[in-house]
Each structure stands twice: as structure tokens, then as C-alpha cells.
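The data blocks that follow each hold one structure.
Shared between the two complexes below is subunit A, which has subunit B as its partner in the first and subunit C in the second.
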Partner chain A sequence: MANDREVLKVVWEGKIPAKFVIDSNDNDEVYYLNLPRISYFALCTDKVKKHFQRHIEKEDDIWFSYMDVPLKFHIPIGVIYDLLVSDNSLPWQINVHFNKFPEDILFKFPNKDVIESHFLSCLKEADFLKHKGQVICQLQKKDHKQLFLGLQNDKFDQFWAVNRRLMETTEQENGFKNLPLRCYTDDGYSYLQKLITPLTEKGQKKTLKDLLVEFSTPAKKPVGAKTHGIEVPLETELQWLSETLSYPDNFLHLCLIYE
Partner chain B sequence: MSVTFTQEQFNVKALEFLEMSEKVHDTWQKEEKENTLFLVKNYKFTFKKEPLNDADDICAIQMLSEVFLIEYHVLLHPSYKVPTIYFNAYKNDKLIDLNDIKLLFCDDYDKEKYEIYNLLSQSEHPILFRPFFMIHPCKIGEVLGKFTETRNFIITFLTLYGPSLVGLKLNNEYEKFFIKD
Partner chain C sequence: MTDENQENSSLGVERLSIQPEKPAEIVKIDILLNAVGNSPIMKQRKWTVDWMKDISWVSKFIHKYLKLDSEDKLFLYINQTFAPSPDQILKNLYECYGSQNKLSLHYSISPAWG
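Right, the complex of A and B next:
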């Protein structure tokens, strides 16, 4: 793990420049933000709201969209960009809305506590897959808090001081029990989730290539996968991928590439 | 001992449950997507509570004798591999939030009792990818591990979690399928 610290750091520092515009014809005001890929839109609504405050006619929930697709609050920003922005254009132009909240598509995050509890529930699920939930149970409440605050305040060392324990494996185990991962298909936000072990039945380390086979159907065969804006080499070992390129929620979010 | 189930096991028991549901005139329906089966029931719920003396609780008073529509989905959680309930509740076609849900299902307004509602969380439906509320599955495997003799683990799960947490009651007639000849 220690040698991969630089990779962890690069993943942590990934940013997407974004241009927020208000969704109305008679307003050309813009607001620019450098969005951390690993963070959530739910954590930047306050800043955007503050900027456009005087244009809000009535207090309603704020939400964002790109090309008419609502941007989900509970999926990491980098995943949404990789899924929706096919031409990689920058800055990412995002529309800001203050009415007609699409409650059938987006979660409401009325306050930070709700985001925090959602984030912790992802960590819990990931640890259940990796260690049957035994590591997260041993962490104290203040450790849980430290993980969320590390993410919220963009503090790499604070986050990794605790997250390191969630990423540990013993020598006998030779990897996690199952790998927490979501494979997004090319159909909007829908993804596939399966129990994937890091080793083959013969005890060999699985690579991304093996994973793509497991997510193939007779009709659809993925040929590659993208995460954090990069296409992952096919021979990359899955266990390493999980330890190093997972988002802070401890899940690998892979956007499958089809032929 | 904690237990887990495969999707195949879930599918078999879900079909068995649907057969029983039909026999006792319950209204469960089957939904299916790529060999993943889940059970759906829409339920009209009339909220009738005695008016409270506590004048502070305006919200609760307003909710008196209102009709809610609740959409229950029972499915196998993709990570925890145990059955759980996903649900949404609507009032006048508008989704209601977690606070109102607590008021809706809680027998009294005892704040301590709200603690059990930490078991409910907002979660994306893993098959429909829409926002739902979910009974958090992390302890369900342990609880069901105490009932390994059961003929149908979905019914056992629903009996244990449905009525007490999310107002989902199973008709007593389901019992007759469990009495040995």
C-alpha cells in the first residue's frame, strides 16, 4: 500500500472545473467552481445557492442538471461526469434549478447529517463485502466522523488515517472477501452489482479483463472500463484496483465501455 | 449464525409466497428484471390517530385521518444477500419525507422509540435506481439465522419486520400454510 500513496493522492486531488448557470432566459450570471471528483453535489449546494440567492423567488430545493439529465446528489461527482459527459468538454456546464425538484429521481438531502448518514451506510455496505463488516464495527463513532469530515473538508491525511484500516487485508486472506464495486452500463445511471471475489477458484489474482467477462451478457460485451476519468488497463489486478482507485465510499465505480 | 441467500433461492421462495398470497386474496405482484425477481404491493393506508394533547405537535394533528399510498417492494439486497423492504409513501401524489414516515408508523410519539427508525434509511432501489426508503439490512441476516427451520424465509422476514417497522401487516390466513398436516 505504502508505495501507492502517490496514486491515492492523485485520485484524491482530481478536480473538474464547472460552470454553473441559472436555468432561466433572462439571466446570464455564471458561477465557477473547481469540483473535487471524489465529492458529492450534495456538499456544494450551499456555495451555489449562496451565489444565486437573489435570484431565488421562493425558497425551494436546489438541484442541478446537465443536458436535461438531473445530477444525482448521492453519486460521486467524478462518476457522474464520466457517465454523462461523453465529449469530455470543460468547463462542465451545469444548470441550476430552484423549482420542480424531480423527487422521483433525486434524493433530498435537507442537511449535512443526511449526507453523512448516507455516506456511512455506503462504507458499512462496502465493509460487509470486504470483511463481513468486522472492521467498520471496530471503528469508533469519532472515526466515522473523521472519515466524513476528511471528505467534506478535503483533508487527505485525516481521511486516510482511518480509511487505511478499511483497506487492510491480512496475509492469510490474500485479498478482500468480495470487492465492493458498481459497473455502470451505458444506460443512464443504471449499474450492475454482483459478488466478485478478487481471486479465481484456483487462487490466481483476477484482473479487469476477468471482471469484464463476468459482466458480459450474450447481447452486451464490455471491452473496457473507465474510472476517475481514465481508461483502466485490462491487466490491472482487481484487488489493487479496489484498494487504490475506490472512491471514498469504498466502492469502485466503473463505467463500462462497450464496442 | 448469520445467514445469506442466493438470488435463485429468493426467486423460488418469492414465487411460493405469491402463490400463497393469491390463495388468501392478498395483492402482491411479481416484478422481474434480468432474472432478478422482486415483490410489489401497493397499499392504501388511512392514518387515524387520536388527537394529541400536546399542542406543539402541529404536524401530527394535521395528519389526522389522511389517506396515504404506500408502495412496498421486497427484494434481495445485492450486497447483504438478505431480503429487505424498500418503500415509498405518498400523500396527494407527493412523496413524504423520513420525518413524516416516523410519525406515520410510530405507535406513539415517544422520542426514544424513534431510535428504531435509525434502521430506516434513504437508499437507491438497486433494480429501479430510484430513491426509496429501506430497512437497513445489516442485522437481518443475524435475525433470520435464528429461524432456519422456516419453510419460507420471506414470510418469516415480513412477519418480523413488516408490522413493527413499516406498517406492513400480513393477513393471519398465511398461517394455514405453516400448519403441518
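Right, the complex of A and C next:
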């Protein structure tokens, strides 16, 4: 378990250096920010907005794009990077926009309450899959708040003091009921979600290899999966993956790799 | 969107899993829309829809059906527990929380669960 804690810490501390460039002809001002992989763009808009404030002619909704693809506010930043930046180039050059908000692709997150309720909804869904929702409903409102504040303020201990309860399993359960996971296919932001148990019918622990088979189709066979910027070894057990490499929303976000 | 029952729906699902490379074949599922609390009730609860549609589409549909004002809020829930993200597709929700070609959703004009 001691080693696992180190893994949790490394996952928590993952950062992506980003260079924000304003989408305007008449200035070449840039703003650098070290983005936490586990956080959301919805939580870093204030800083960026503040920096570019004097270039804004009229107050409008801020949004970001990379190579003309709008960046979603409510998908973890690390997932978006792994999905969109195929050459792993750093710093990640992100364009900042203050007009023409693409409402057909992005949803507005006007304040932190909206992303907080999205985050809590993800936790509820994850716990529904893992423990039929029985753990999260035992938590109090202040615990929910602590989870979000832990994420927002980058407080590992604060977050994990509550989150470890969501990650617990009993001896006889031998794992979660189902594993909360989203597998991103190589088609923009689209992902697949299914009921995946941590054990095979014979009671053996499933590995990433087994998972890839479950997400295979005759036309498309994934050969690997990436999360937090690393390619996960195929023999990694799914239950361990879920407990250790899930994002703070308690979901595993896996970018499938095809041949 | 029609209210007729999907024929051979399980066959449709099976066919998709064998030949998913042909997106031309539209898979349809039934969604059951249940009002929560004092939200206005829809006369027709069951609708047969393309499972590639997302939650924001369902939300817009209910909005229109109930003739709500554009600023009126609408909250959608699965299993009376959590609110799926607006860009979540019905297929993913059906795979996890639906059965026998049906997916049940609750809607509310005020926040209901969390």
C-alpha cells in the first residue's frame, strides 16, 4: 500500500506546461501556466482571463482551443492533452478566445458551482457503479465539499482523506461491483462506457488486456491504452488501475490506442 | 422521434456489435421520461430514439415538448441518483443503466438529487 500511495501522489502531481496565446492580430502576448493534469479548464479560466483582461474589448465568455479544436471545460485537462496532442509537444500551445463561443460543442461554466456540481455528479455515478451508490450517500455535504476543494486547491491529503472511503472494498467483495471507466476512441472526444466487472466469470482478476478485448470490434481492435500520459502495461490488473489511476472524478479515463 | 415500439430491437443491438463499422444502421432504444416533484408531466412518457443522441438533445426535446421558457432550467437524472453530462450519449447510459431496450430518465425543473 505504501508504494501505491506514491503512485497516487505522482498521478496527483502530473502537470502540463501550457502557453496561452490570445487569438488576436494585434498582439503577441503570451501567458504560461503549469496545468494540473487532474484539474479542469473550467478551474483555470479566471487566471487566464485576468492576464488578458486589458485586451478584451467587451466582456464575453472565454474559451480555449488547440489546433482549432475547442477544449472542453469539464473533461480533465490530462485527458484532453492525451487525446489531442499526438506529438506530445510542450509547452502545449493553447489559443484563448473571447468571442464566437462555440455553443454547439462547449457548455458554459460561468462559475465554480457549475463545475463542482458536474464533478460531484461524476463521483455519484462512479460510486453507483462501484458500490451501488452506498458509500457516497453516507458522506456528508462537507465531505463532498472537501473533495472538490481538495481538487481545486491542489490539496492531496485533504482530497484523499475522503476519497479513500470511495476507493474501499471489503475482503469478501474482492473488488468493486463494476469499474467506472471511459474509453476514448480515436474520434474527437467520443468515448464508450460499459459495465465492466473487475473479475472474470471464473473469479480471476481482469487485466487491461481483457478490457481491450471487451472494447474490440471486428473493425477496430485497440492494442493499448494511455492515461496520465503513460501507456499502461497490458498485464495491469483493472481493479488496481481503478483504485490507483482514476482521475479525482473516480473514473478511469483511458485513451485507446489502435494499430 | 416516434412512439412506435422498436421491432426486433435486440437484433438491432446484436447486429451493431457485429458490424459497428457501418454507422448507417441506426440503433433505437426506448427512453422513459418521468417527471419529478412538481415538474410538468409529459402525456407521452415513452419515446423511441436513436441511441447516439446525447443528453442535451433530450433536454432540448423535453423543453420544447413542455413549452418551457428558454431560461427555464431542466435537470435530468439517471437512477434517481446522478445527472449525466450534457454531452453523454444515450448509448453509454443504456449500456450501463438500461435494460431490455429501455432507459429510464427522470427530469425536474429544479435540482432534485444533489
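As a working rule, the second predicted complex is superposed on the first by the 256 of 259 C-alpha atoms of A that agree within 3 Å, B and C clash if a C-alpha of one lies under 4 Å from a C-alpha of the other, contacts with A are read in each partner's own complex, and residues count from 1 in each chain.
In this section, contacts are C-beta pairs under 8 Å (C-beta built on N, C-alpha and C of every residue); 3 or more make two chains touch, one makes a residue touch a chain.
Everything quoted here is computed from the prediction, not taken from an experiment.
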item: Partners on subunit A (subunit B, subunit C) - clash or fit; value: clash
item: Partner chain in contact with A:Gly133 - subunit B first, subunit C second, else both or neither; value: both
item: Touching partner for A:His74 - first (subunit B), second (subunit C), both, neither; value: both
item: First, second, both or neither for A:Tyr189, with subunit B first and subunit C second; value: both
item: Touched partner set for A:Ala219, first subunit B, second subunit C, both or neither; value: second
item: Which of subunit B and subunit C A:Ser117 touches, first, second, both or neither; value: both
item: Subunit B versus subunit C as contact partner of A:Glu103, first or second or both or neither; value: first
item: Footprint overlap on subunit A, where subunit B in one structure and subunit C in the other make contact; value: 74, 107, 117-118, 121, 124-125, 128-129, 133, 189-191, 193-195
item: Complex interface listing, subunit A residues touching subunit C; value: 72, 74, 107, 117-118, 120-122, 124-125, 128-129, 133, 178, 189-195, 217-220
item: Residues of subunit C that touch subunit A when the two form their complex; value: 17-21, 56, 78-79, 81-87, 89, 92-93, 95-96, 113-114
item: Complex interface listing, subunit B residues touching subunit A; value: 78-81, 94-95, 97, 121-124, 126, 129-131, 136, 138
item: Residue ranges of subunit A touching subunit B (in the complex, touch as defined); value: 74, 103-108, 110, 114, 117-118, 121, 124-125, 128-129, 133, 180, 188-191, 193-195
